[in-house]
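Take a look at the structures below.
Both complexes below contain subunit A, partnered by subunit B and then by subunit C.
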Partner chain A sequence: MSQGNRITVDARGIACPGPITELIKAYRNAKNGDVIEVWATDPGFEPDVKAWISRTGNQLVELRKEQDKIIAVIKVTAKK
Partner chain B sequence: MIAFTMEKLTYICSISHLTGMGSEKISMIVFSGTDDRLIPVGVITQAAAALGYEVNIFITGWALTKVLRKPAQPVWPKEFEQMVPALQQGMARIKAPSWVEMVKQGKELGKVKVYACSMMAEAMGLKREDFDPSIIDDVVGVTTFLEIAKGGQVLFI
Partner chain C sequence: MGSVKKRVIIVGGGTGGLVLANRLPKDEFEVTVVDKQPYNYFLPWLLYIAFKGSRRPIKREITTLIKPWVNFIQSGARSINLNDRYVELENGKRLGYDYLVVATGATVDYSKIPGLSKVIDLYGNYHSDEENAWKVWRTINNIKEGTLAFILSYERYRCPPSPLEGVLLADEYLREVGVRDKVKVVYATSYPRPYPAEPMNEVVEPILKERGIEVIPFFILDHIDADKGVAYSVEGEELKFNAAIVIPPHIGVNIKYNPDNVLDPDGFVLADKDTNRIKGFDDAFVIGDASALPVAKTGVTAHLQATVVAKILTGGYARNTGRTHCPFDMGYGLGTFVISDSTHGTVKYPPNRVNHLFKMAFASSYWSMLKYPELWDPLMEAYFNATAPEKLKNIYG
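Moving on to the complex of A and B:
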């Protein structure tokens, strides 16, 4: 499998459901093996990204909170 | 003094509740014409459309006045009137789009159809051409809506 692309989605400062919407837009253009990193500040993003992962079956590589943002790193594995 | 926090909105907003078991279709009967109730219509529509749900919105009652080419001025429920400025400031601070913008975003992202109720439209003297065509897809009777909504979740707002 070829090396995937790394895509950064900056959804800081936008409210729910903006961050998940931006993630899904990036996901639609992504392919298996790509890594999507999302930055968000909406507190709903943390449970929501987990819900999206369990819904879609992609891989949550990392989910961490920094001082000023939530960072989710997702490996795209469930594209058909 | 009323302290307004966005925490409650965040709970309502958390789409984890929408991603559990059940149908992949959500339909809304939107009756209330007050702006506070239209916010979740936009939020749920945008999120559900992005997630791949089929979304059907049946606009009836006072809500019909909000989907016209010349929509009614904002209306807020009397009991929360003094909290409205704080809410409006909060919505601006979090850069929340209007409910109509969220519905339009939903239409771009997925399967969203918005219908106006023919019975209430008739009662209010509203014609098909009075409705904003960028929001309203069709004017239909309730039988059509029930058939479209059949088997999915239905919210009355």
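Moving on to the complex of A and C:
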């Protein structure tokens, strides 16, 4: 597996669909092997990111809830 | 020194620029609006050129819309120097300012998607100018069979409801002319669902299903081939079409900034979300579509931000509320509004005829609203208060 860039997307405080929009923006510029870490406070982000992973085939490395935010770590694998 | 007026330069004579220009007290400020061309456009009407063939004029001369004491310079701005406080015009002349407000809007950039220029050439779009909107009208009149695809190509675009407005109006028109049973209507979006905000999606998704419109979510457009009639996603998925109407990528306009770190990669100006101050500057603001804030790019946003900046400039206290109030035409004389603000989610507001009539009435009153805030502001304030999301949520959820 190639070692790619790690990108952090801070989408805290942005209301739905803001966080998924910010994820898509980062994903658009990313390459296979890059890792995108998204921070969000909107609860709608959790189902959205799961649906996005399922649909696009990218890899959800980790999805966890901390006291003040939701963190999703995604490895980009599905781009052609 | 006390009675010298403060010089305000407003770059851009669109909705935000003129709302602000006409609200600054003339005894305190010397206001100059700079725009590279003479007209203010009511861009929402591009939708009705494209899908109804409307011949209503959509522009008026800026000089007819500003108060007598507001100055207008018709010129492009080559660069803006935020440190030394001046705007440099195309002819090299420098205008110094005490306060600057950037209201330059957005523009479209087809080069972001390989193959897009040719698709726009063939089928048009309703997010740039009249010429391209008329091409869309021709597209929906020419298509007799196959697939008509609407594709949202980028996350930054003007007017959140506009993609689905086009889809629903096209569906209505194709039915009207009797070809809908032979033409498939498809909407491809990078979002997880047809309308980005979930409560409004609950309203519109059943309507799309009822009208037989196919939705492809999570489709991020990578490139498009006009000759083959295929759109490709970043994961290689193919969407075949006979005609494609793409909502194009939007970027900030081409003005050089000093310092240049106030721009995001798409040329939108970084700003404070509460006050619209340009990042790092007390005396410079950006309002409307030109800002990089993750808020909807709409006329209402520009208008409300302009009123906040007007208050701040006159020494008052005001903060953005993030209020949206987007008219959403759903075809067949029905419409609703997408209403939310930064502390309240979107209202699940179903369509009705009255809301559509409100959209039409607003369109007819637009230029009066720009020029006569003294007449319209109290009305609009009362209307916005009455339709605040927390109030409507009690009724509609």
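One rule holds for everything that comes next: the second predicted complex is superposed on the first by the 78 of 80 C-alpha atoms of A that agree within 3 Å, B and C clash if a C-alpha of one lies under 4 Å from a C-alpha of the other, contacts with A are read in each partner's own complex, and residues count from 1 in each chain.
Please note the rule applied: a contact is a pair of C-beta atoms (placed from the backbone, for glycine too) under 8 Å apart; a residue touches a chain by one contact, two chains touch by 3 or more.
It should be emphasised that the depicted structure is a prediction, and the values quoted were computed from it without experimental measurement.
Trainee: Who does A:Ile71 touch here: subunit B (first), subunit C (second), both, or neither?
Mentor: A:Ile71 sits against neither subunit B nor subunit C.
Trainee: Have a look at where A:Gly44 lands relative to subunit B and subunit C in the superposition and call it first, second, both or neither.
Mentor: both
Trainee: Does subunit B (first) or subunit C (second) touch A:Leu63, or do both, or does neither?
Mentor: In the superposition, A:Leu63 contacts neither subunit B nor subunit C.
Trainee: Tell me which partner A:Thr21 touches in the superposition: subunit B (first), subunit C (second), both or neither.
Mentor: both
Trainee: Applying the touch criterion given at the start, work out whether A:Trp52 contacts subunit B, subunit C, both or neither, answering first, second, both or neither.
Mentor: After superposing on A, A:Trp52 lies in contact with both subunit B and subunit C.
Trainee: Using the superposition on chain A described above, determine whether A:Lys80 touches subunit B (first), subunit C (second), both, or neither.
Mentor: After superposing on A, A:Lys80 lies in contact with subunit C but is clear of subunit B.
Trainee: Where on subunit A do the contacts from subunit B and from subunit C line up?
Mentor: Touching subunit B and subunit C on subunit A: residues 14-17, 20-21, 24-25, 44, 48, 51-52, 55.
Trainee: List the residues on subunit C that touch subunit A in their complex, please.
Mentor: Interface residues on subunit C, with respect to subunit A: 155, 190-192, 196-198, 217-218, 220, 222, 232, 234-236, 294, 340, 342, 345.
Trainee: Please output the residues of subunit B touching subunit A within their complex, sorted ascending.
Mentor: 10, 13-16, 19, 43, 46-47, 50-51, 94-96, 105, 109
Trainee: Spell out the residues on subunit A that touch subunit B in their complex, using ranges where they run on.
Mentor: For this pair, the touching residues of subunit A are 13-17, 20-21, 24-25, 42-44, 47-48, 50-52, 54-55.
Trainee: Can you tell me which positions in subunit A touch subunit C when the two form their complex?
Mentor: 14-18, 20-22, 24-25, 27-28, 44, 48, 51-52, 55-57, 78-80
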